[in-house]
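Going in written order, the chains are labelled A, B, C and D, and every chain counts its residues from 1.
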């Protein structure tokens, strides 16, 4: 497992990571017989939501019930190798600690059959309150979530 | 132009119909090099929304602003011929008058280049109020819409 | 489990049926906070493909490797109750025997939490050969598949 | 019109840019009542394809008919402001000249009503031949395309 993104955490910081998997669907395959590139954003979202269930308190629903939304503000994805029909995609989602009012994740998608990396990327989410105002400070529920899961 | 569905209206009823068009997108093409069948429900929805703009007052937004939603309750689609990349789909949407608390549409999709029919279908929508209760009587805004556009 | 479609099979015919499940994704939820109706065609397809893996030999890939494609020609869906975020949809797919060169399935989707029916429908697929010619007689691989699984 | 990406071209290089537009569809709106972030990759693709029609010879179909495919290898998108139902998105697609065997585009999406920037990003495509081998040198049809449109 290797990620090529800058942040690696420090020896003091717990790394939160979770793996989920999806089977490629026929409707996701394009006319080049590979998964259409845009579908990977669904896989990333599957990864985020599975992470949010594993480390309870950070799913869309949790965020919403605390009075906020957390839209994607920045997203990058690099494609290394294609996925095709009936491949199983293993989606590794890793939380990148930050002091800012942001949620940052790294993603690594591998093909189950040969463990080859097919895509990697990262995302940044910001917090909006119920009037869609950008939050400059981390909401208290987010600080509590970090504390609960040992993020400093 | 022919529809093969039972309702033809009567000589006293105005027929409301509207045509819009969409260009087939790469992401809609499946590995058989044709538009994936599920995408046609987007084309039907494009047809409904274009109809709702032409005969103002029946778009999703109009319905919502009157305190209702109108989810699809029944939908049928028959596929006659495939669409492929860069084809232009002509979507004919025809309102089927009913006295019930329902919105019924027929759809006819043709390929622009040769005017061949590629798909046809129909949909039935019901009305829910803001507490998601099924409406047994047509909402007053819907009766007003019908009157405005000459539907008896 | 009840299906409201006409064909029930006869006492001599084996009923082939398979259940699979999907978790509702955030990206499938529309602005009415329910699964967008078009997404159910993906659920139907998930059901068909899972059925094709259980009763090996009838997946898209199997059909393709035998020199055919089997596009959807007719599809109907009725919506009974909405699905929302994080619901688990149980998709029951039942093969409807036919002597024709067609593949017919019935679908029943229930919400896992309360077992309520959320949608049901059926689909009809036809066979095209590699030159996209409609097959009037069942391909031999299809007859072999039926024999293998006890369909008369 | 401003792009915040590094490449600006030189005074000797012609800038190829094209604008197209799409109307936001109901099915693209998520439960936060804004366009789901993944839909923007379709808008980028709409931009690329419209560019490829304007500057003939660089659409998916053109590339394919020359014996290649050009899958996305790297993609970044930044979200500035949301789009909602019935907004018109203006998609500006700008070709970024490169000597490499790559196709690079910048995108700028604005809301038509107030001309506000809603998203921007860039993409990098590589060339694969019919055996899916990565091309290290620009295919001849691509060099011809660049010459035709004045790219040095």
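Keep in mind that, in the parts below, contacts are C-beta pairs under 8 Å (C-beta built on N, C-alpha and C of every residue); 3 or more make two chains touch, one makes a residue touch a chain.
Only a predicted model underlies this, so the values are computations on that prediction, with no experimental measurement involved.
Engineer: Average the CA atoms of each chain to get its centre, and name the chain whose centre is farthest from that of chain C.
Structural biologist: If we average the C-alpha coordinates per chain, D ends up farthest from chain C.
Engineer: More C-beta contacts across A-C or across A-D?
Structural biologist: Taking the two pairs in turn, the one with more contacts turns out to be A-D.
Engineer: Would you kindly tell me how far, in whole Å, the mean C-alpha position of chain C lies from that of chain A?
Structural biologist: 32
Engineer: How many angstrom between the C-alpha centroids of chain B and chain A?
Structural biologist: 37
Engineer: Between chain A and chain D, tell me the centre distance in angstrom, where each centre is the average of that chain's C-alpha atoms.
Structural biologist: Between these chains, centre-to-centre, one finds 25 Å.
Engineer: Return the residues of chain D touching two or more other chains; collapse runs of consecutive numbers into ranges.
Structural biologist: Correct list: 26-27, 38, 42, 45, 85.
Engineer: Would you pull the chain D residues touching chain B in the complex into a rising list?
Structural biologist: Result: residues 25-27, 42, 45-46, 49, 59-61, 85-86 of chain D touch chain B.
Engineer: Which residues of chain B touch chain A once you look at their complex with the stated criterion?
Structural biologist: 26-27, 29-31, 33, 36, 38, 85
Engineer: Which stretch or stretches of chain B touch chain C in the complex?
Structural biologist: Touch list, chain B to chain C: 32, 34, 37-38, 41-42, 45, 69, 71-79, 82.
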